[in-house]
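Pasting the structures here.
Each of the next two complexes has chain A plus one other chain: chain B in the first, chain C in the second.
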Partner chain A sequence: MRDRITSAVRGNTDLVGLLVLLLVVLVAYQHYDSSLLDPASVTILSAQFLPLILAAAGQTTVMLLGGIDLSLGAVLGLAMAVFATYDAHGAAGVVTAAVAALCAAVAAGAANGTLVAYAGLPPIVVTLAVSFLWSGVTLIVLPQPGGHVPGGLVNAYNNGWNGLAVPALVVALVLAAWKVLRTTRYGLALYAVGGNEHGAYASGLHTRGTKIAGYALAGAFTGLAGIGLAVQTGSADPTIGTPYTLNSIAACVLGGISFFGGVGRMRGTVLGALAIGLLTNLLLFTGISPFYQLIVQGVILVVALALKTYLTREAAV
Partner chain B sequence: MNAGSVRGAVAVAASLCALAGISACDVQSDSSTAKSGASASAATAKDLKVGWSTIYLTPSWMQQTLKMMEGDVSKLKSAGKVSAFKTFNANGDTSQQIAQIRAMIQQKYDVIIVDAGSSTALNPALEQAVAAGITVVAFDSLPTSTKVIRVGTDQKAWGSMMATWLADKLKGKGSVIAMNGPAGVAVSEDRWAGAAAVFKKYPDIKIVSNVHSEYNLAPAAQAFASAYSAHPDIDGVFSQGGALSAAALQTLVKQDKKLVPVTGENYNGFLKMWRSHQKDGFSSLATAQPNYLAVIALEAAVAKREGVSVPQDITVPLPEITDKNLADYVKPDQPDDSYPINDLPQSEIDKLIGK
Partner chain C sequence: MAPLLSVEELSKSFAGNQVLREVSFTVEPGEVLALVGENGAGKSTVLSLVTGLLVPDSGRIVHDGAPVSRAWSPHRARAAGIGSVHQELSLNPHQSVAENIFLGAWPSRRGLVRGRDLAARALPLLERVGLDIDPRTRAGRLPLGCRQLVELAKALAGEPRLLILDEATSALDEEQVGAVFRAVRELRERGGSVMFVSHRMAELFAISDRLTVLKDGAVMATREREQTDHDDIVRLMVGRELSDLFPEKVTGPTGEPLLRARDLTVDGACCAVDLDLVPGRILGLGGLQGQGQREVLRALFGLARHTGHVTLDGRPVRLPSPRDAIRHGIAYVPEDRKTEGVHTARSVRDNLALPSLCSLAPGRRLGTVDRAAETRLVGELVERLQVKATSPAQEARRLSGGNQQKVALAKWLPTGPRVLLLAEPTRGIDIGTKREIYHLLRRLADDGLAVLVTSGDTMELVGLCDEVAVLYEGKVVDRLTGPALTEERLVRASVMGTGMGTDPDVKRVLAPDADPKTEPGSVAHA
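The block that comes next holds the complex of A and B.
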């Protein structure tokens, strides 16, 4: 038993640090908000964190391929705008709107992937350039905040549906789907191409196809995040997505996803996103002056990263 | 001691430090729960716990607004009506602002004042606050929800006021560069909608270029310079914000070109330039998004708690700064990046909030 625990800890040293941070944040949170573990609070918090978690999942997919997606916020805004401007009424309408929004986001992702794979441009340049393109398209779809999401759906998402935390369920489903995908040929190819592109090519993998599919998958995650944000806010706002670009990268880095590709796990990203979300909420509760909150947030991120790097160096050597 | 145990020690020490940090915060959390317990029982406006969530806090307009609000809070505090006032800065992130509003609901605030980062995205959170019995008042950048009290100026009237003046000045004929705020932002779109409706009535006025820019001097100057180099023979500039106007006028002055009329706002940098070039025949009309909107919002919230029937929508008249009364507004000794405005008399505030 002891051996099993030690070996589990050994294999997850990066995650253990993050879990400790998360635990500390949770304990502190409990002090300020004793209703933290009530079903109602779980619903409210998961409703709040879902967009960031899913956006970070999209960013993770791209980072595992050795890239970085600076257009994530813009694509998120695009999906949100498409979903809300469809003006859905009833279940069928919502499904159509969601499919349309997902298609838009997947197409945007695939376009990013194609540019990276075939034009041979660095991902940071490609995604920076297309971020302007996608925000322009978003403004054509939705020139100013507006759109409509059925009130029942907004209520079910934010306050629970028959006592179920819908957003938490969606995140669990997405994670399960990712777990299945990882064991498939494609999942292995994704890590292989990100870790060593030449090696993967030499072993007969279609590296370009893998990249395009990976960026498209990232688009799907981002699209879901955009739909989530639209349902959370009951509307769409063409400029609301921008902060998600950098926040999603922060969640990935904290979650142990390497900038160089091929290293990192989705569960780390989810924990990273949770830690960032809870931490910002916690700082609101403490009532520190708003400017100091930014400083504290930055310091905690740096310290957490430094500690994690130090504690896991052993594994890398 | 080998490397492994050093690492372990660091990990444990870090966790202990973190826990110590939390227990240090404990005292504060206890006192705040005690406070909220006390205020929940008070039905009238006594010892109210007030929170202000703003999408930005760093721009000078917001800093001035915060100062004006703090001044009013200290008045209300000495009258025993307000006991606590906290400011929350969302730093441009609307999702963060939603989290702030939810945090204030959980912490049982009595009054939430909000300067919204999105006209639609905050609605569910704000309506949840109203349902929890919290008095919610929005000012400046308003949400569309009809369940909260909204204190603002009419942005369309802003645009049409500027456009009407410019059209009169040009005698209904000429080419104009339009300087608007960022695309997709409600304030910018509304001001332009008001202006566009006016310009439509003057078929001889041509909008040769419609420029979108941040409400900041540097990007606006670049945007104007490129539009102006394409259309150097314009007869006027429609600008919907002070920094945009300053950027346009500054470019005309620097390039030593004809000082065509440029509409403006009470951005001190623009007012100063206007003043110093009045003798060269420069003419303008400016208005203001007055900082006292925040004070009216605060007073409206307190009045509402006192049982006054405060109107749901409070539209504050736009001030008019003209060639004649410019001297009353411009502050030559203050920095460019400030928005000179005089306090609104209490009698005017009372009239607006239905006292």
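The block that comes next holds the complex of A and C.
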């Protein structure tokens, strides 16, 4: 048992700092809201955090390839708009709407990947440019906030379905799927291309295909995030996706995903997204002015990142 | 028997600069063909064409009896049984050794790659290249030499019929080179072929069956190994006899040291190193690879945290950063020229002007660069060091290694340095440029500079330096000078870690004294 604990700690040294931050936030949170760990709270919180966690998962996929996705918020908004505009009734309708939204997001991701892989442009430029494009398409689909999501679905998502926290299950499924993906050839190729693209190419890897598939996978995660956000709020807003771009990047960086690609793990990202979500809520509880909340949030992020960099550097020696 | 690979009249140019002119040669099954030539002769370009990294402008490559397809790529080359180890390492430092070895061809069961399975399959390959390491180690944690051997294991994993080794031994010690040779011979016995590129002449003659000499992008000759010798090959490479590789050494009494280092210590790298750099003299740092030579130089240039006393002209100096070192007239030409020596994406002109920006953009011009002065300066340096660039506007990464090295050195000269530190100044550089650099260093020393050189090449240290300090596990174990400075004694001290020293009275003159009057000020920063 003890060996297992030590080996678990050894294998996760990069996450120790993040876990400490999370613990501090949780303790403070408990102070304001003692029902934090009740099943009902867990359901509500997971429903609230799911979109950010999934968006961060998408961002992680792109960042592991050595890229960055600035169009993530726009694609999230697009998926959300498609899902809510379909005006689904009944289970079959919901599935159709979800498939349509996912297809739109995956297609957008694949388009990003193709531009990055073939045009040879830096991902930051490509995704910035197409973010305007997808924002425009979203506004054509849904010019103003609206759309409709079946009430039963909204209720099941936010308040639990037969006592199950559905959003938490989704996150667990995503983590499990990622674990399997990492042991497939594609998963190894993803990390290989991110770690040393030229080397991977010279070794006969299809680096372009790997990139396109990676951006498409990120699109799938982002699409799920958009659907989640629509279900959570019961409707859609074409401009609500924007903050998710930078928040997802913050979650990744906090979770230990390298900006240079090839380094990082999905569980780190999930914890990073949780930390950001909890921190935002916590600052709301304190009741200080929203302007100061932003400042405090920024300072905490910078300190956490500086600390993490310092700790991992010590560990590397 | 039909050749395994035949290269027919290949030509290639980059941005109007023709690097290959109708190159033709063949590789027979079961032979080792060495490609020989100076830097920039086109060897790497030929190999990149064969492995599909580049596409030729004209000519064709016939592999296994059929011309390769238009869409020739590294992927197809690997599938066709061509394995390669390139000059630039292709490992992913963040993945395990086993994952790297099977990169792109991971063995999987039902779509899943099992780590244990991968490691088990990697072991026999690592054994073939003489590596005893855990295949689950992250590749980035291995020393350079081991990484190069992992590259070889990776190339062998594809069971190649043609193995291409481009400077695959550049970071290896003798034992490791032996392991590479064993793997090459094994492959040859099974009927496989090898194309081998190295700058070490002895290796070429030890392993190859035929040698093809390239010069300025054209094939000069192909010779059977039995019918040629070193001099013949060098003559073909440079087009002339090369008798004066090393310049004359200076004789006479040594002057007062300019830079004295006492108890120079870098954690985990070197310990209590004493060095005296004398104007007009070239001091060498010898020893096996990784005995702390590099860190001594980095410490003296303020790149490595260190403790100890350093005096310049008798005055104590602190060297906490390169900025301080430069201000004191210390210049450094690093081992890894592509990351530390030159800005590869910038032009030759920008690179050469960078250290002199203060004088090129004086306050009276409000900090704007005097273009005319810059042009003059760059022109002088290019002329003086014979930098071969199409124009000063050419990007540094498009220069050959030898010319990049000239730029890395030349950029310091206008700043008027008094101490010149060079790490492996001729690694991976052709023999003609080596000679130019040796003579340049001697001329600089004659002009009054104190020069400190590290090198893994014994012949270079013995031929170039006036004195060599031998490091072993971070400590100076021997100082060789005058008649005592021979390859044999240098190698012995490097390997044994103990010096016999020079004969006693010479030693007294050379060994740095600890005269209390000149005891330098205490400097310690961490």
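The definition used in the following text is that the second predicted complex is superposed on the first by the 304 of 317 C-alpha atoms of A that agree within 3 Å, B and C clash if a C-alpha of one lies under 4 Å from a C-alpha of the other, contacts with A are read in each partner's own complex, and residues count from 1 in each chain.
Simple rule for what comes next: a contact is a pair of C-beta atoms (placed from the backbone, for glycine too) under 8 Å apart; a residue touches a chain by one contact, two chains touch by 3 or more.
All values derive from a computational prediction rather than experimental measurement.
K.L.:
Using the overlay on chain A, decide if chain B and chain C clash or can fit next to each other.
P.N.:
Chain B/chain C on chain A - fit side by side.
K.L.:
Looking only at contacts as defined up top, I'd like to know whether chain B or chain C touches more of chain A.
P.N.:
Per-residue touch count on chain A favours B.
K.L.:
Look at A:Thr114 in the shared chain and tell me whether it touches chain B only, chain C only, both, or neither; answer first, second, both or neither.
P.N.:
neither
K.L.:
Where does A:Leu188 make contact in the superposed view: on chain B (first), on chain C (second), on both, or on neither?
P.N.:
A:Leu188 contacts chain C only, not chain B.
K.L.:
After the superposition on A, what does A:Gln297 contact: first (chain B), second (chain C), both or neither?
P.N.:
In the superposition, A:Gln297 contacts neither chain B nor chain C.
K.L.:
Based on the superposed arrangement, let me know which partner A:Ala236 touches: chain B (first), chain C (second), both, or neither?
P.N.:
Touch partner of A:Ala236: chain B, not chain C.
K.L.:
Which of the two partners, first being chain B and second being chain C, lies in contact with A:Gln144: first, second, both, or neither?
P.N.:
first
K.L.:
Please indicate which partner A:Asn12 is in contact with in the superposed arrangement: first for chain B, second for chain C, both, or neither.
P.N.:
neither
K.L.:
Who does A:Val20 touch here: chain B (first), chain C (second), both, or neither?
P.N.:
first
K.L.:
Once superposed, minimum distance in angstrom between C-alpha atoms of chain B and those of chain C?
P.N.:
11
K.L.:
Please output the residues of chain A touching chain B within their complex, sorted ascending.
P.N.:
Of all residues in chain A, those touching chain B are 17, 20-21, 24, 27-28, 31-33, 35, 44, 48, 51-52, 138-139, 142-147, 154, 158, 229, 232-240, 242-244, 247, 277, 280-281, 284-287, 289-291, 293-294, 303, 307, 310-311, 314.
K.L.:
Can you name the residues of chain C that touch chain A in the complex?
P.N.:
Against chain A, the touching part of chain C is residues 51, 53, 73-79, 84, 86, 88-95, 99, 103-106, 108, 111-115, 154.
K.L.:
Which residues, counting only chain B, touch chain A once they are in their complex?
P.N.:
These residues of chain B touch chain A: 3-4, 7, 10-11, 14-15, 18-19, 22, 25-26, 28-29, 32, 57, 86-89, 91-96, 98-100, 102-103, 106-107, 117-124, 128, 144, 182-186, 189.
K.L.:
Would you pull the chain A residues touching chain C in the complex into a rising list?
P.N.:
Answer in residue numbers: 180, 183-185, 187-189, 191-192, 195-196, 198-206, 262-263.
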